[in-house]
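Please go over the structures that come below.
Here chain A shows up in two complexes: once beside chain B, once beside chain C.
And then the complex of A and B:
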């Protein structure tokens, strides 16, 4: 049994978290859990150069804020995937705000930032300058759940980071 | 500068704009305050979405409860109507479930009743004080743990997993995560401090059992019907693991769990016990017993019916008896009306040929036989006469004397049950006393006649007289009447006076002797002194009755 790591996807409503998970993992559960329970858990084994790691991906129902239930959901997470909709600037702030909120719950865990909807780059509001500044602090990927571009790379990077930690 | 501070910088640029927006919102809010009522629904909705949700719930719940209370009291039918479609199916389902369980239990208990194993379990039940049905369940319930997950409590990461070998693979990690999430969700929804967690659920054909510990959760997907003991065993295992982990820094949960939750042990698989085919003979014996029992009951029924009819017909045939009640209580018990002049109940037992208990009540019967007896008794019917009653008509026949007739005949028609008296066949004769008198007078006219000048009497004449006197004596004796005779001898004119006197004495003596021979006592006979009354060769007597 490979090591398992819990990853939580954080991001504003409709940024494409569920779509990214669907693109990345094998879907075990129906999306209806997102509306009823507020979370949907899937898993995917990621092969790294020296090892395999099982990513258990928690897709939290999109909210600009962490409520008490979401706070329990992120407990014990080994890594965070922040998702931003490139076409909505506000979603960047939401993602960062969510991250900030999660800091109270989690010790400093590895974070990867996804700027999603790369296929609609012509309508992006998030500027390249901002992305450049962000990527200095956080591994940042331009992704598209539609085309799949960048998705694998982002998750693999996070997998790498979460297994590096003791 | 840390990464985090850099990011705050990034955020700060927006803060002024945010403040301005908020100011505008505040202004708008105070404007809106005026028509708060219109906005109340929207506000509540908003509160429901935001962080004030718990407070809103707390504030509203007493109001809602009171309103609900009120409407239940005022319009209960509406509530009933609203709940009807939910309650009906729920009740039906519950009943069906209960019945299914019940039938299963009964079947098992029946199957197990006659086998040696069944007897062994009976012994176990008797020894342990556990009801037999439960012992049977304990031994026969089959269940299997298809999946067993040990899940790290906080992150929901799978620590250990067992799945039954032949089952299709499943995403255990995702399931573990989801179970954790759902557990959190349930706890968050129930909001019960300290308690309220998901302990079991039904998932398709599986029963999901969840045991939570401080660090790890044990979840078992069970197929079949597990005994209550399984819950305890799971809890036990989990507690053991926690005890092992306590104070051990490098406690390797996956390895320890694999050791503790020994999957091949009884914890996980409990195969269906081999069930020997149920032997047929107990059923045959049972059926035989039942058949014998039934036949006996039926025979009993028939026999009792026969006896009842027999008793009824005996009583019906007996004049002066009436049956009021007939019951069987181990022995036949009768309640009987009986005329005291009818036959005694000893007759019933003799006729029936078995013991009976009779409770008799006296009454006057209008049956002919008891009327006849009553008449015999009341009228002191003499041996010379007899009575017969036919449909209430009392017929007297035979011979009675006038004294009886005078005394008793008037009573006859007053006897209970007598409609009419028929005396046509009754002869009413003189009384005994009258006959005695007549006989005495007759004898007074009679005489012993001798040949002239002789005191010899022929034997026929004498014995005829003796016979007649004897009748008189007997009649007097029967009436207890004292009689006495004076005897006189006579002579005719011829011959000497001396010779005649001698003849008279001799003739009187012969009559005297004849009377003595007829049984008349010596003291009852007086020979008259020589006092010739008639001039004839004879001896006469004169009877007196006192």
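And then the complex of A and C:
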């Protein structure tokens, strides 16, 4: 049996967290927006070069800040996935704020940043300069839950990071 | 006390059990269900298949201490069904309690969905507004820039055509004056006719440019008058004849009216149409002839220009009437502005154009113009010039020395000794002292408009003849000249034959 790792998706509402999970776990996409209430937990086996890991993915209700419920949920997480909607500048600030808040509770866990909705790049507000700066401190991926671009790479990278830890 | 407490406790337990509909599973090592209390079907569990619940609980326990009691409120177990899950570790077996959170979940879902959708809509709205504003600003800036360019171009065309006219008046006027003196020498005659021909091309170009500049300001209304078909034919012939002669082409201008009455059209525009068509025909014909036919039948006027020129290839026949088309670069007729202006004028007059052409054979363009009541404005019947000559004196008022001198010279030729005056106030004094038979005055005087001076002359009771001439050859100026009291209006560049014809009419013995 492979080891299991818990990762939580954090990000403002409607940035595409549930969609990214759906793409990653079930390889599906829906353009209908259904807000997530509470938490939805999914898992998927990820094959890395030298081992397999079971990623348990916690899709949390999107908020611009961490409420008490989400604080309960992220307990014990091995890694965080910060999700930003490239077309909404404010969602980048929200993701960074959520990260900061979560650090009060979690020890230094690996983090990966997803700038989502790559298929709508012509409407992006997040600049490539911002992305370049961010990627110096955190692995950053441009993703699209719609096309699937960058999704696998982002999850695999996080899987790698969370298994490297002792 | 104890009794009350136990009653309360019992009631509370029943109430909570009823509301939360717990499903209690006793499990072995998170993998095997040993006993069940409650209704599994409430949580979508059928046929004792607890696999997915066990899998979910194992997932939930990743990262947390399985030896401790843990609660996960509001867990979506699929199909947006919400539960709270309790993990109760025990010896020898553990317990899982699943309770219904639907009451709370459903309401939350609705509220949250509505709030999030609203927030999203607001984000979109403000974004769209921002984008629209940016687009609007950009469009405004672009349109302002275009406007500037447009204005500049119009001024440029206006100035150019205007400034072309004055020197052209000198060129063609002097050339006409030279003609009788050089008639003997074939070489100088050829040179002179080349000068005339090219001056005519340029005049036509200046006309067209001015028309374009004016058309930009909204095309001027049509002004229809009764006019003599013969006069139009003669006018066009007199202008084109030197060009045709210079190229040794036969030019045939023929007119015919099947009715007694005079045609009623805007004759200025007819002239412009014909001049463009005929000068084009002459220009693109190397040998042979150009036939011009004017036909009036009481309802419509037909203009037909036929040449034996280079012709227009069929692929260019559609675009030949577009401005600045490329036909001519390909050796076809019709480059430049002329034909596009013809088309525009014909359309404005409600007429039709038909083109027949074959490369190397020739071209025929036929225009049919209806005499439309709608196009008629109250026909300002052309006032015949009154011959109120009181003396043989002629005064010329023009501040352009070249044009003035040319006029003086041409009047010398027909036996007059005109007096040249630059300053309008000097003119008024002279006229008061000794009124001349004819005053020739430029509209575009530096200090004062020639029109105002004309008006003042009439108000002061001057009854001699006045000819007004101007670089602005449009109906407005024409009308204004007439209204100010001028007997005739002549456009620059002066058409010498026409000018001399007027002289003959207005001056005795000329």
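Keep this in mind: the second predicted complex is superposed on the first by the 154 of 166 C-alpha atoms of A that agree within 3 Å, B and C clash if a C-alpha of one lies under 4 Å from a C-alpha of the other, contacts with A are read in each partner's own complex, and residues count from 1 in each chain.
Just so it is clear, contacts are C-beta pairs under 8 Å (C-beta built on N, C-alpha and C of every residue); 3 or more make two chains touch, one makes a residue touch a chain.
Note that the coordinates shown come from a computational prediction; the quantities given were computed from them, not determined experimentally.
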When chain B and chain C are modelled together on chain A, clash or fit: clash
Contacts of A:61 with chain B and chain C, given as first, second, both or neither: second
Touched partner set for A:93, first chain B, second chain C, both or neither: first
More chain A residues in contact - chain B or chain C: B
Contacts of A:33 with chain B and chain C, given as first, second, both or neither: both
Touching partner for A:69 - first (chain B), second (chain C), both, neither: both
Touched partner set for A:4, first chain B, second chain C, both or neither: both
Contacts of A:41 with chain B and chain C, given as first, second, both or neither: both
Contacts of A:137 with chain B and chain C, given as first, second, both or neither: first
Which superposed partner A:77 touches (first chain B, second chain C, both, neither): both
Clash-bearing segment of chain C relative to chain B, given 2-10, 20-28 or 416-424: 20-28
Intersection of the chain A residues that touch chain B with those that touch chain C: 4-6, 33, 37-41, 43, 56, 69, 72-73, 75-78
Residues of chain B defined as touching chain A within the complex: 3-4, 6-7, 10-11, 14, 51, 152, 154-158, 161, 170-171, 173-178, 180-182, 184-185, 187-188, 254
Interfacial residue positions of chain A with respect to chain B in the complex: 1, 4-6, 26, 28-29, 33, 37-43, 54, 56, 58, 65, 67-69, 72-73, 75-78, 93, 96-97, 99-100, 103, 130, 133-134, 136-138
Residues on chain A engaged by chain C in the complex (per definition of touch): 4-6, 13-14, 33-41, 43, 56, 61-62, 69, 72-73, 75-78, 87-88, 90
Complex contact set, residues of chain C against chain A: 55-56, 58-60, 62-64, 72-76, 80, 82, 101, 105, 108-109, 112-113, 116-117, 119-120, 123, 127
